[in-house]
Amino acid sequence: MVNVSDRIDGRKAAELRPVSFSRGWLDHAEGSVLVEFGRTRVLVAASVTEGVPRWRRGSGLGWVTSEYEMLPRATNTRNDRESRKGRIGGRTHEISRLIGRSLRGVIDYKALGENTIVIDCDVLQADGGTRTASITGAYVALSDAVSWLRARHLLAGEPLIGSVSAISVGIVRGQPMLDLCYEEDSSADVDMNIVCSGTGDFIEVQGTAEGAPFDRDLLNQLLDLGQAGCAELTRMQAEALAEPVHR
Amino acid sequence: MVNVSDRIDGRKAAELRPVSFSRGWLDHAEGSVLVEFGRTRVLVAASVTEGVPRWRRGSGLGWVTSEYEMLPRATNTRNDRESRKGRIGGRTHEISRLIGRSLRGVIDYKALGENTIVIDCDVLQADGGTRTASITGAYVALSDAVSWLRARHLLAGEPLIGSVSAISVGIVRGQPMLDLCYEEDSSADVDMNIVCSGTGDFIEVQGTAEGAPFDRDLLNQLLDLGQAGCAELTRMQAEALAEPVHR
Amino acid sequence: MVNVSDRIDGRKAAELRPVSFSRGWLDHAEGSVLVEFGRTRVLVAASVTEGVPRWRRGSGLGWVTSEYEMLPRATNTRNDRESRKGRIGGRTHEISRLIGRSLRGVIDYKALGENTIVIDCDVLQADGGTRTASITGAYVALSDAVSWLRARHLLAGEPLIGSVSAISVGIVRGQPMLDLCYEEDSSADVDMNIVCSGTGDFIEVQGTAEGAPFDRDLLNQLLDLGQAGCAELTRMQAEALAEPVHR
Amino acid sequence: MVNVSDRIDGRKAAELRPVSFSRGWLDHAEGSVLVEFGRTRVLVAASVTEGVPRWRRGSGLGWVTSEYEMLPRATNTRNDRESRKGRIGGRTHEISRLIGRSLRGVIDYKALGENTIVIDCDVLQADGGTRTASITGAYVALSDAVSWLRARHLLAGEPLIGSVSAISVGIVRGQPMLDLCYEEDSSADVDMNIVCSGTGDFIEVQGTAEGAPFDRDLLNQLLDLGQAGCAELTRMQAEALAEPVHR
Amino acid sequence: MVNVSDRIDGRKAAELRPVSFSRGWLDHAEGSVLVEFGRTRVLVAASVTEGVPRWRRGSGLGWVTSEYEMLPRATNTRNDRESRKGRIGGRTHEISRLIGRSLRGVIDYKALGENTIVIDCDVLQADGGTRTASITGAYVALSDAVSWLRARHLLAGEPLIGSVSAISVGIVRGQPMLDLCYEEDSSADVDMNIVCSGTGDFIEVQGTAEGAPFDRDLLNQLLDLGQAGCAELTRMQAEALAEPVHR
Amino acid sequence: MVNVSDRIDGRKAAELRPVSFSRGWLDHAEGSVLVEFGRTRVLVAASVTEGVPRWRRGSGLGWVTSEYEMLPRATNTRNDRESRKGRIGGRTHEISRLIGRSLRGVIDYKALGENTIVIDCDVLQADGGTRTASITGAYVALSDAVSWLRARHLLAGEPLIGSVSAISVGIVRGQPMLDLCYEEDSSADVDMNIVCSGTGDFIEVQGTAEGAPFDRDLLNQLLDLGQAGCAELTRMQAEALAEPVHR
């Protein structure tokens, strides 16, 4: 179904951009990674604190949440800071919520105990796929934060019941493509984000027709591409996590 | 695939709740409808203004946008007003954006001319499916607003190139179900919203695993259910719009 | 003093618009009513919660408060949402406070016990007199909420020591008139709101010269008109409350 | 009707507190006055700017508006600043609007020409009656600002078509009283503010039952008291304005 | 180094403007002073409350903090209120923090006990040097508030371990000058604020090149001027505090 | 004056931490650098836009401004985002203003022409001295942005009339020290920031007694240290800028 194509960066339709994980990029955070999908660069920090939000106290359950934001000059032209505008935009809210939901799908809160892990995803440079890079990196940082807790015997069990990765897919000039860069993304007819567990099942599926509505057959092609891309990212995450942290 | 089931309100798995459209519910708005999906009740107003936002002026293109909000006592227990909190929550932002995207998929901006239509969806009572009821009602109100413009010869062509309807589907106690009420929704393992064009193609597909990740087969069952539900809503919208407006 | 007049809707100077109360309009709220004064339509919800704000705890006294807001397309042209603007306007604040004060005038807090009742008045459609319709409807919803508490034996006594109704009066083209619609209101020389107890005494009197200052004689005519209008509304409230709730 | 009384500061029921106007208290403002009603002390500044708000441009009409605020330690215990809270409270909004309305009642906008006058009323010390002291002082500052414009030949005519003064009245321990200090105000059964023109007519009448509703007879007594108090303030304003400004 | 000069108000280069302290200007505040440096006029209120912020409870230590703000018409042209803008500007924040730091340098928190003193500095009229007038006045108000606590035996010791005064210095038309008025300040090449203890040591030194960078020799001349000015203010503060308070 | 010392990281009192500049760290920005002072790591982006703010249009002059912010996990424990809090803290404002002032000291606005350069300093990791690292890096990014403009012939002359560097100094355990890390900074008795031009003159001097006030002799030692540190940074900046940019 997917063939050789002349994508703007020479990739094949089903090919990921170069992906890298620099674990331990921050000295203070319990888990951290600088994740890169091509020129997209996201700094992810996982912060552990003892205790949980008020509404969850005494439940014996932990909590994982996430915040996403872009630096003003991550993009081609500068965007005003949301802190200066005094309000967070809908897009930022939407992505923060997506990352949190994706991670919560692989967490056993009972095993985490009454600990909170906050995942901060700050986009230092954006070239498409910032939300999927964030989720994919967030799993790595989360995993390191859990190791940090484990090493200190602060867990009630094994809180990570699976892994998570995410990738964007889309229809560009009529053809399904994997891992869209900004230029492809902005001319795509359909834009879709797939979040999968390490076992290849879906955690989140989110597709939007930017132009004309799309049919079931195209949807199936996109799902195939996305599942394959996530599987490859799962392998890369496992490899990265097999190394010792470079602090 | 979908059989008789004992749903809490006696419906079959693939059955919609009673749906009604009260067009012309407001005297001032160019288009308006009180849409009901069971006990979910959304007041939709379509407001036409001449001109477009600054960044679009002189383009010859129109603009359609949407805002969604819930009254404080739409739900079982009262929620604080977002106007009092001084900030709009992530959920409100997310749904407002979804409605806008869904409608923009069937609009020909050139034919609309430099006119703006704002669609306000205010949830008067919530019992699950408020976003899908909003989208489904929004198409009806939008259609009436377009008729209002047409009657005044303010259009450059025919701006509505299709219809839009939306429905929620989900996996409840292991079984795929259509049009979840609040109680079903809050215990669902997978929660999905399907937005279709009148021709049965997808405008938006959004599914989330609330519990365990879901496989491709379950996803396919949900897509089948959702497409069938949207087709039924498309018929109901057409029927409602065939009547004269009751102001 | 008040004679036959050619008001824009054919009413006499001292005549109310058609008034209706649809009790139990909402399924979740402990008390609710859709109140209509002509084309003005306000959805009032009374929400009961156990307990009182922190500063009142342990006093044995209850609390009643109110919030008023207009839907964006309640009016002839669309108004921006206050939640989007990030701040509540002075008019909204002023009316919310007026409604709260008016109701607190007929509540025995000791008899209410440490319960809080929040009255939400959301204007679905505005055609003048939204604050007086809100107050008049709020008494009905409050009364139903108190019945709800009584039926559950959650009261320390009888908290309603009277009823409240409210009506607008004004001088239009030199003549005192009752219950101004929007068009009359916007051309009035004097604009006044009268809130009365069921016994015909004043709870709030608020009159403003929009044009030239007004003399004592005109004020007296307005007070006469307002007291008569409130008395009529008191009878209508009693009739409405004598019926069983239609949920 | 009003007799000798043992008020907490020894005044008679119908007696004003000592009132003083220090005109020209500020060096920069076009009009300014430090007005004192007993221990209540309000600094009023009238700022003239050429031009009017955008929505009024080209109309040939001027604009007058007002803002009221309290310093944090104007009161017995310190209040948080509204600038720090990031939002203006309902009371502040309500009073700002009242002052603006009261002044606009005596302005001929055409004669003012396209000039804007902003009246800032900042309460340096509060002991009841801050809104009535503000209005009464605001007229004096406004009058000086108009003189400033007149001296520079910037007016299209005579914009002040009357004077304005305001006073509070109330029922304290069953007796009508004039010009309530804080202690009286906080125990009053009825609290009323009267704004009159120099000719003794009403610009605004605003009365609230803090306890039991009040009847027509009491209302009449309060109106008598208030009209008499305003007449006295009108005389004092005229005297103050007859002096040269002490800058 | 400093000679006779033709400053715009006839002062010598090393001469302060007339300085006055009106203690007890407010009736409610535990300490208050209207401080004047020429036409700059700041109302300072020191408010005592029992207890300390949550993060300091149980420490046995007190807390002193400060807030600075300008009335809208303190300046030559009117500035919008920060409460209306919904956000506090950087300059206001910066000065509030400076005042707090300066005072905390002379407080023994243990001797203060778990009491909080909030210092409000509200600029009624601005003509340069508002931050230094605020600090200099704040010490006087703080001192009175401490006396208030002492008289009520609420102190654990003697919390004031020194005095604080502050003055601005700058280079205007090439010459070092003391206590710049607004006109001098706005044309200064270097603008510096010096905060000294009563013993002549530095609490804060803050100098900025508005034009060309300045050398060490000029810096030394400014430090000499500033230390001398602060010494003079220290004497004036002591004189003012030696008098009984005029309430 | 300054001798060998046992500082916590083994440095001498007058020794800088390792400093590095990674120019061209971002692909989109006209100038960018990742600047490191020991473990303190700041990403600086200089964004060029044609045109200037409204109040400066038509003047022929350019504009340079700056915004500073910390990522939530830059520090030892996580800080809430200012965008979420809906307001920018005083410290953030203060530092943003300091950076802007420092850079404006070496800019010839006429030569810049009507172009705006915004300098964003985002602290990725904080270990003391974030504001001085920001200023020192900002000069490098600004210099690259100016080169970008020069290469496109968009300048009216040579806008950089000097260079800027900044360093912190302080008194720790009685001894003056250069370039404090976080642990030293938090126990310092005096904390000072020195901003110098490349010619060794002062652009900003800002010193605060955290504990006891400090005398003139100590101040002089700190100024010596700071001037020497800035001179060393000036050399490093020149070296870094002599290299071609590594994009």
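First chain written, first letter: the chains are A, B, C, D, E and F, and each begins at residue 1.
Quick note on the criterion: contacts are C-beta pairs under 8 Å (C-beta built on N, C-alpha and C of every residue); 3 or more make two chains touch, one makes a residue touch a chain.
Chain-to-protein mapping (UniProt): A, B, C, D, E, F = Ribonuclease PH.
All values reported here derive from a predicted model rather than from experimental measurement.
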Touching chain A and also chain B, the following chains: none
Matching chain pair for A-B (criterion: over half of the contact pairs shared, by residue number), options D-E, A-F or C-D: C-D
Averaged-CA centre spacing for the pair chain D and chain A, given as whole angstrom: 60
Centroid spacing, where centroids are CA-atom means, of chain B and chain F in whole angstrom: 51
Where chain F touches two or more other chains at once, by residue number: 86-88
Arrangement of touching chains [line / ring / star / complete / other]: ring
Chain ring listed from chain B, with chain C in second place: B, C, D, E, F, A
List of chain B residues in touch with chain C within their complex: 26-29, 32, 39, 43, 45, 47, 49, 67, 69, 71-78, 81-84, 86-88, 92, 118, 120, 122, 124-125, 127
Chain D - residues contacting chain C, complex: 87-91, 93-94, 96-97, 101, 105, 162, 192, 196-197, 199, 201-209, 212-216, 219, 223, 227
